[in-house]
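Reading through the structure tokens given below for one structure.
Note that the chains are named A, B, C, D, E, F, G and H in the order they appear, and that numbering of residues resets to 1 at the start of each chain.
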Amino acid sequence: MGSKSDWPVMQHAAEMLERLGVAYEARVVSAHRTPKRLYDYATSAQARGLKVIIAGAGGAAHLPGMAASMTILPVLGVPVAATALQGQDALLSIVQMPGGIPVGTLAIGKPGAINAGLLAASILALSDPELSARVAALRAEQTAGVPESPLE
Amino acid sequence: MGSKSDWPVMQHAAEMLERLGVAYEARVVSAHRTPKRLYDYATSAQARGLKVIIAGAGGAAHLPGMAASMTILPVLGVPVAATALQGQDALLSIVQMPGGIPVGTLAIGKPGAINAGLLAASILALSDPELSARVAALRAEQTAGVPESPLE
Amino acid sequence: MGSKSDWPVMQHAAEMLERLGVAYEARVVSAHRTPKRLYDYATSAQARGLKVIIAGAGGAAHLPGMAASMTILPVLGVPVAATALQGQDALLSIVQMPGGIPVGTLAIGKPGAINAGLLAASILALSDPELSARVAALRAEQTAGVPESPLE
Amino acid sequence: MGSKSDWPVMQHAAEMLERLGVAYEARVVSAHRTPKRLYDYATSAQARGLKVIIAGAGGAAHLPGMAASMTILPVLGVPVAATALQGQDALLSIVQMPGGIPVGTLAIGKPGAINAGLLAASILALSDPELSARVAALRAEQTAGVPESPLE
Amino acid sequence: MGSKSDWPVMQHAAEMLERLGVAYEARVVSAHRTPKRLYDYATSAQARGLKVIIAGAGGAAHLPGMAASMTILPVLGVPVAATALQGQDALLSIVQMPGGIPVGTLAIGKPGAINAGLLAASILALSDPELSARVAALRAEQTAGVPESPLE
Amino acid sequence: MGSKSDWPVMQHAAEMLERLGVAYEARVVSAHRTPKRLYDYATSAQARGLKVIIAGAGGAAHLPGMAASMTILPVLGVPVAATALQGQDALLSIVQMPGGIPVGTLAIGKPGAINAGLLAASILALSDPELSARVAALRAEQTAGVPESPLE
Amino acid sequence: MGSKSDWPVMQHAAEMLERLGVAYEARVVSAHRTPKRLYDYATSAQARGLKVIIAGAGGAAHLPGMAASMTILPVLGVPVAATALQGQDALLSIVQMPGGIPVGTLAIGKPGAINAGLLAASILALSDPELSARVAALRAEQTAGVPESPLE
Amino acid sequence: MGSKSDWPVMQHAAEMLERLGVAYEARVVSAHRTPKRLYDYATSAQARGLKVIIAGAGGAAHLPGMAASMTILPVLGVPVAATALQGQDALLSIVQMPGGIPVGTLAIGKPGAINAGLLAASILALSDPELSARVAALRAEQTAGVPESPLE
């Protein structure tokens, strides 16, 4: 994520990955304050064995797109509502990438972080039948948890 | 895609997949006009052997999210600028999914379609070293194609 | 409604229907977490004798439009402000339907829920003179309740 | 509609009503230039035997809401993109009604006009089985008209 | 104003008028809940000797424009932030009037209410030299009240 | 107006004033390129006998507000759609004035220019019965010019 | 800055300048309430030996652009979120300047104020090697202060 | 600039620099397609003797902010309207930088490019009296070029 202050949002991605038994590392990499760290992180990610990068950032959110520019791994971006514009700036900064450098963008804030974890798991599940089963189970549980009536 | 009229945009996803040698099928599935077709398509996608679903739609763009609600395959969404609001409606309709049902959203229009194809290939490349090499080559070619000067 | 958490808003629709003596059922049907329930609900609604469907949802609010895609009953949509975008996402997701599948959309939040109940009653009143009289009475009462001066 | 210049959009509502065999009248009633005509039209609509009012307007679009304020008939509003803001002003002016005076709002422009005609028909179909059958047939035809492939 | 709930904002217009010694009346006239009252109020305003009408409203704010449609008196509009959209809906509903029916629109909320009172006074001051002097004095006082340093 | 390029829009204000027999002067005063001219113009306006100032500008439209800061005459502002943001920037730059310095803001573009001329005439008509009659006649003519049917 | 109430935001610019040892003066100059003070301030700034002007303002934020219109010194603008629109109005009012009168605009609110101070220092550092070293040190310190992990 | 396609906009910055006799280099550096080139360019800029960096980009415009993250030279950003969102995405992606990494942002498109050139010259003029005189002359010429009347 781009800042330690993004953790209250981004931890929901981590929790989802934990719940699904997907190994991950949580790192603070600021596109703007630590560009060298970003450069090193993104260019080495594939060689280090990472499979998917989830990047969350707010405001002029350049982290997901810049990470994507330096790796061919799938990059998922989570806009964080960190400014007066409530995440609209982050959403557009992340999603409006030019042709050639994709970032799979999720919703602003907590639902986006949850879904980044879940989409990463769905991607990894393509070649991991056990993970696929765990994702399917979680989805089924989620469906079962919806009450019939608002008063239940 | 949600409508035949989305094809001029969505064909860029198809072209990217072709260029990278990724097999695909292009289908018109309207969330609103053919909900049964959507239901059948999405619920059977995994069993039919599909790996990634790319869904493009405009306006109140429900196709990507509804597809995602009925499969655990990764779903990528492309907002199409089909109304007076120039794709802002489609972008928000696709990206603002609730926690639990992820759609990896790309940019509005042609760059988003290109990137949906490329991101799908990147996802598949995680377990296909040859495809991974082709993606890397395309990315390198892309980098090499940027001129040093605007006057070149 | 799309989620139990929409109830604080959507109960205003229920209260209006109760006040006007219109029978109704309140159900949680999540387009994204329970698509099968939505499919069953919408396709059977007319046969079950329902006359009007009021659907409230937030974020990428697909419930009203998807319900409308599977029934010819009038569907009324209420955008709920459930995300950082304060209902702008839900409004556009509900109102910008393509030609052929209408959703009569009301205001964001509580006023929209009140009005969904009232509009549903106005629709039913077309063939129910007693209900029509009750609607007229409520409207007259409402008019009478506006003070002449802000200091009254 | 609020202006003769709205006709290119609003005629799509008329065409839908004609196609479904629903009798209608098309009138120009400007909330701002002919407020007396609006007052007379709206207050007499129910007595004249009208069942549903479809009102289309652009910019500061007050016609639908003001019509709704003077009748208990269901009022459907169609935002027309008539200004530099491309219908965003009309959409908000129509949909954001206060609790107590509902306007069922459709999409901006042509799709909204089509849907206003269709929703009006769906409302009338609640007490007209033959119309209901015609609406169902149109919807089925619409579904059947969606090609399987974008290249068909 | 359109609702008693607008008074906390609109009282700033009243206070400005009082401070400048301009006689005024404060009335609640809801465009939507009391259209007849609005009709009577606006059509009789000039004959009753009113000179300027200040109208404040929120959401789908039709009061200023509808008042303007029924009088040739200058009408000033104040958008009130009464909904989830924080006055953006009211601003567009008030300012985007079609050619032929003007509303002089002020800022959203308190500053707009203050300025509506002040602009009304400036208009009346064109034919009232004493009022003109009082407006000039207030403006001078206002200028004098700006400190040189933020720490004063 | 702020630029000669605003004339195609602002001439509609001039035409309205001519049609109503109101004397006026049309001047180019750029807040940004000729601040001294603006300063001289605004501070001398009242002494020169001007009654109302109509100021049109686009983009970061500072002309109306700055004129208002230097005179107690009523200032009317017309946002011109001169940039990629289609007048949204000009609208907010003109209307969102702080308490104490009012600008009566009209619609973006041509309708706003027409209405600025008409509102200025309405203001002057308060102390000019003949002008008042001409304004009333124009408004009546306008009402009469609305056809009953879109097909007339 | 345009108002004493902008100080809680703008003091962050002052603090940055202090931290970097850059002499500055903090003045309240309201474009709208004290236009003469603004005129005097901006036209004399260069002669008084000022090098860079930082101007912060909210709403219809005219201060930065008007200062820029009267000096050739670099002017930096900070949008302050002072209204219901949360700084969107101020941002557009500051950044959308016409060709010929530049304002270097920073982010809305506190980050923008910090950056205005830092950018001013970077500008002055071009001809002040010691300041350049202090800016470089601050930037390095900033980089070093980013933790590796969100849990540190 | 971020793409050769930005040149029609960005050449206006070059023309302004030429007109003012400021040496410059025009380079295509894509943040996303050539991140290594960006890294090399930005980290070496100061040592190579550059004084100011002007960076223009569209969509998810990361070039200005990323350049700023790797140099302490002043960086000026120009949002280019390259997508369906007409530069709103680029504006927010450039201006909403976090505290610590400033980008002085100009208007969307051509006026912004002109102003970037002019602001860069104003910055350099602080230590170059001859350039300062040329900037002052250009500004005076610009002022003199504003006609008194729109009909001149």
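The rule is short, and it goes like this: a contact is a pair of C-beta atoms (placed from the backbone, for glycine too) under 8 Å apart; a residue touches a chain by one contact, two chains touch by 3 or more.
Treat the numbers as computed from the prediction; the structure is a model and nothing was measured.
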{"item": "Other chains in touch with both chain B and chain D", "value": "C"}
{"item": "Centre-to-centre distance between chain H and chain B (centres being mean Cα positions), rounded to whole Å", "value": "34"}
{"item": "Mean-CA-position distance for chain H and chain A (Å)", "value": "32"}
{"item": "Residues of chain B whose C-beta touches two or more other chains", "value": "3, 33, 59-60, 83, 85-86, 88, 95-98, 100-101, 107-108, 111, 142"}
{"item": "Set of all touching chain pairs, with the criterion as stated earlier", "value": "A-B, A-C, A-G, A-H, B-C, B-D, B-H, C-D, C-E, D-E, D-F, E-F, E-G, F-G, F-H, G-H"}
{"item": "Residues on chain A engaged by chain C in the complex (per definition of touch)", "value": "81, 86-88, 107-109, 111, 142-143, 145-152"}
{"item": "Residue ranges of chain B touching chain C (in the complex, touch as defined)", "value": "3, 31-33, 35, 39, 58-60, 62, 65-66, 68-70, 83, 85, 88-89, 92-98, 100-101"}
{"item": "Contact footprint of chain F on chain D as seen in their complex", "value": "1, 3-4, 6-7, 10-11, 26-28, 30, 33-34, 36-37, 59-60, 83-86"}
{"item": "Sites on chain A touched by chain B in the complex", "value": "12, 51-52, 72-74, 76, 91, 95-108, 110-111, 114-116, 118-119, 122-127, 132, 135-136, 139, 142"}
